[in-house]
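Here's the structure, in structure tokens; my notes come after.
Read from first to last, the chains carry the letters A, B, C, D and E; within each, the first residue is number 1.
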């Protein structure tokens, strides 16, 4: 049906020439600024992928650091075009906040971290504990739910930023730090003595984290959704930033050809260049590259793929095909 | 009631009337300050207003350039009636200069700038011309050498002379003076009165509230005596001082001449 | 010639174009219209933006279940309470820290301000250093400093500093014993109330007697006796119906007793110290505004220093002090919103923070929050104006 | 009868002068004072030496990473390593000269204004208020005259603090003046609106204003309008500040005698001319000390922008605490930021006191 | 060295000494303000102290009720020596009234309350009695009809009379005046001096620093002349004015009588 009719956000982004991306104020591995002020992390990569798809240039992103409290208002108000900030996909958020989740870039679950010296081995032993938690998160709600369901008492100490939360936990203000497990690992390296803390085995919630956009602009929604899928599909197809150029010229695999825009005109359907997926892989890398670089084996966090492995490798990451 | 026409009535017969006040009343809230004021001033006339404190002298002359609003009667300046009309008020204020008891010079401007302000911003005169003219008038009040000082650096008498020059710079057709010397020391009073006498001799139309009876005798064409918001008596100065008709005037004069 | 009007002598009215009253009316109408247009424009934008983005509005959300915990609440609250309840919890916590802050800052400010005027050089210097240090550093920095640099250096619960088995201090807060009234304790309270009433009556009587006969009657000892004695007798008679709930370490934390969480402590300490430095200056200039001649006159009448201060200096100084003091109180209440930086659950943190984030009702929630602060400001201003009039109007 | 003989001047008793007399008068003039002195000295003895030991004697001053900090005292190396960031935020180091140049220009202009003897103050004032802001923006932001663009998100540290506070006050000034005039207007509706506006902003905490500006402003604007985050904070600050400035200016207006207005009116000047030429120049000069005080308050209040995610001095110092390489130096960071804020505020408050004294002694030009 | 005893020495011989100052010295820092002051005042004596500005007159009488501290010598008031002892200071201040140049009335209290304050709080008098007594003294200084006004609403002369009444309300045995009329206009000076003369006639012991030579001639028992911190001359008023022994006194008198 030719080029899709583009919606308001899509047009606005195209016109201003960059993607305004809401990220966290600092969560190692997902989004934080290094000492040169460059933003890095898995959530950041999503935004870069979108920019690569849209403009063919992954650097055309501007970042707005947001606290958990600010994030939805910022998206609703149009201050940002896309919220990519370890945000859990839930029903109420989809319905009453007027936003749409474009997919899941990290399957997570809420866990607990304690100091080893406390001698706690299970979350069930936490009755009466003081818990540090970040304000305005689903974590805060799950925490209350969990303790209620276990008939246990707790005292929540809430902070605006994960940084303050960690500092308080480190100082001993609370016994337990709760957050999504991925974050727990990320935050652990910020402790004075990372080895002195451990993450408890219980996972008390499902936390599918993903980027979200405002409702009412399906074109933009599609672009974000498929930028994310493209990274997963690239991994599935074995396309990496290293081999993408050779594959583009050499590969006879029709899926790869379609993916890289050699044929198929997939980009046109979304209102962007046909090389959109090529640009993503070339400039941002595929999902596993992003994962390993930011949180996985090549990072200080050293998180295993686990649930986030592709479906055919024992995980549940699964992207619809590009065709 | 009176047999002969009053001086005001006679003046009114004249063609070139500068100020004409007819049946004017004014209230401050409940308080009736001015009661049935009638006064006509011809071109070139010099009028001295005197009377006890609180009798409404200041209020009356402040009505003439509408620093105060009157509630009844008419005030005409050069045939233009003073109403709420902003345009007319501005028009009249351009033609009527006023000198205050406390000089009210602008302390943040030099003497020269004090004199140039209104010509430049109201008469839209080029600055150069305005300054030349200002120097002329400052010369006239013999203070040209102080033109670049600030008001705070001058004595009271000098300040009052600057205030007069400032008014003159607008080339007003009428000058109002509200006790211009009463805040000054005796020596300074003299220098200011000299300037005013000079002005009077040049034929400026003047209405002057003052207790300086010497000045009144020397230059006034008419002296007006007010009490309790009314004009009690008006007469030529010699008559006024030597042969006051009203008893209140006599009382007042006897008090004031004691000093 | 003259326009037809009732009073033939009334000054002519200019036509409406140049009538300043008409002009003023037109101008004001225009301003009003512009303001309403602007408000309307904003309102329209907001409504259409909200609608377009599918955000629901209204106060309905206040009845929904909040589902999160709050560490300190003076009114009953559980995660099963409503969002409306979180509003109240936050409000009460704001009021708590503001009220405590106002009292403490006034006391400390008074002391420092008087110390600043001390004849003792060392004391005066120290007071000056205090003032210049604390009022020239941003309050937020001080809040963070007390919380992150000082309080977090306190020991863990297991290594608490303690006074016997009664009071404990650790990084989780200050723990004090809590009185638990037993059967019949109400009588003791009643006895105390009666004692208070008696003391008030006694003081009145003593005052009247002094006016009548000039004989002073020192009510202090009798008052103290009444206040302590009467309830004590009733208390003993009833068999001491009061137990203390002592804080004790159970599992992770101390339980029982009264807890003052470090977030409150840090905020309170910072607010007090910061505001006191301004109040001290106000007190000092108020006292200095009373001329030395006044004290000398009082001394030469034989008044002792205490009475001189009480009867002559303070009443005059108060008039200078009260208006700026009012604005310091207002500042303190507004500054208590810095709670959000260290996680003290005040109105901004709990309601304009967590609740806003959970529900997304930005417009309503921010509106309610600002409304609360406006009301508080207004109430304090009204009260202080009333008080100021009382101390000021005596003169004329 | 005793003959009068001039009595020679005697030296005072030793208890009266010299070190001893000074001690007696200033430290031990009464038992209570003596007690206070002893207690104060003891408290000083308890508190001062450890602080000096921590901050100076046992402190580490040189090095490149945390391994240099082993002496047990303060680790100033941390401040040294981050110093550039604390001052310039994420501004690219090779472009720092632009900020320095802008600051230098401003300092030169301000010194010009402060020294009473120099001429042409009016033009320098106009430059500072009207031209400099645009010049500085062009210089800092770039994109003109071949300067590479540095986006406002990269501005930070002390630089951002100064920008926020000075732009805040300059932008709020005209609006504050209008509000003050409105509050003194004879027109009831205008007056009521101004009073309502002023009291509204003075009654709410700045943090809620900032929060509103940072997340809600776009809701109020037509769709698609996009305002820079820094800009939004500035709008919030300027609105908030204008209410305070209005009250300061109103004080100045009230101090101008009524005769000034009457004299100007009788010269034929209309309302706006007499305000602009006669009343405001005098009133504004009177309130300069008050404005400096307001500026100090604002300077301190800008720290709140760190709560809405702008990296001002306090914000960037705090963010440095999360650097895994430099964990555990919060105290040093707070002390450094505190000292810097203190220097600025103390300096300015002294200057404002000096101005007040100068105006007090009947200062006239 | 001296032939005849000085007046002070003669006074000292008398039994009912009210004030006795012996060899008193005072320094302000390095500055030697009062040098070897010797003075005795008998009951009912009226002493006027005069001398050039800065000669230490104020300082001396302020030492008598210990508003200033002396460093050497002794001051006895009614036989009680003034030391650092707070109790004694309060005791003496009760008996010694003082009237200041600038009145120092308490602006927050009505005239009546100004007068009642000390009797109520220091003498523990019932308020009713205190008010009655205050009205008596206000009557005496002819200001009873202003009793319910506040000091700010009175003229300077009226204020000074209230200040005198306030002191009298403590029924002091001695009154000290420190230039009570020098801040007043001529008419007001008269009314205050009349009150003081009345007091003197009633036999109050008074020490009065003043430049009102008329007053000194009329009521003083002794005039004391001070210069550079010393008592240069003391004598009966007629002698003092007509036949000053010391040259400085002559100089001073010639200057002051010129007015």
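Methods note: contacts are C-beta pairs under 8 Å (C-beta built on N, C-alpha and C of every residue); 3 or more make two chains touch, one makes a residue touch a chain.
To keep track of the chains, here are their UniProt names: B, E = ABC transporter ATP-binding protein; C, D = Amino acid ABC transporter permease.
These numbers were taken from a predicted model, which means no experiment stands behind them.
Any chain touching chain A that also touches chain E appears here: C, D. A centroid comparison over C-alpha atoms places A as the chain most distant from chain B. The rotation relating chain B to chain E, fitted on Cα atoms, comes to 155°, given as a multiple of 5.
Taking the mean of all protein Cα atoms as the centre, the chain whose own Cα mean lies nearest is D. As a whole-number value, the distance joining the C-alpha centres of chain A and chain D reads 41 Å.
Note: centroid distance chain B to chain E, computed from Cα atoms, is 53 Å.
In terms of their C-alpha centroids, the spacing between chain B and chain C amounts to 58 Å. Here the CA centre of chain A is 84 Å from the CA centre of chain B.
Each of residues 49-50, 52, 148, 340-341, 362 in chain C touches at least two other chains.
Looking at chain D, residues 211, 215-216, 218-219, 223, 307, 318, 330 sit in touch with two or more other chains. Counting partner chains per residue, chain B has residues 86 touching two or more of them.
Here the chains touching each other pair up as A-C, A-D, B-C, B-D, C-D, C-E, D-E.
Against chain C, the residues of chain E that register as touching in their complex are 65, 67, 86, 90, 93-94, 96-98, 100, 102, 104-109, 117-118, 120-129, 150, 152-153, 163, 166-167, 170.
For chain C in complex with chain A, the residues that touch the partner chain are 49-50, 52-56, 67-71, 79-80, 148, 152-153, 156, 171-172, 250-253, 255, 262-263, 340-343, 345, 349, 353-354, 356-360, 362.
Interface residues of chain D, counted against chain C in their complex, comprise 25-27, 29, 33, 36-37, 40-41, 44, 186-190, 193, 199-200, 202-208, 211-212, 215-216, 218-223, 296, 300-301, 303-304, 306-307, 314, 318, 330-331, 334, 337-338, 341-342, 345-346, 349.
If you check the complex, the residues on chain D that touch chain E are 1-4, 6-7, 9-13, 15-17.
Of all residues in chain C, only 24, 27-28, 31-32, 35, 42, 45-46, 48-50, 52, 118-123, 126, 132-133, 135-142, 144-145, 148-149, 330, 334-335, 337-338, 340-341, 348, 352, 362-363, 366, 369-370, 373-374, 377-378 touch chain D in the complex they form.
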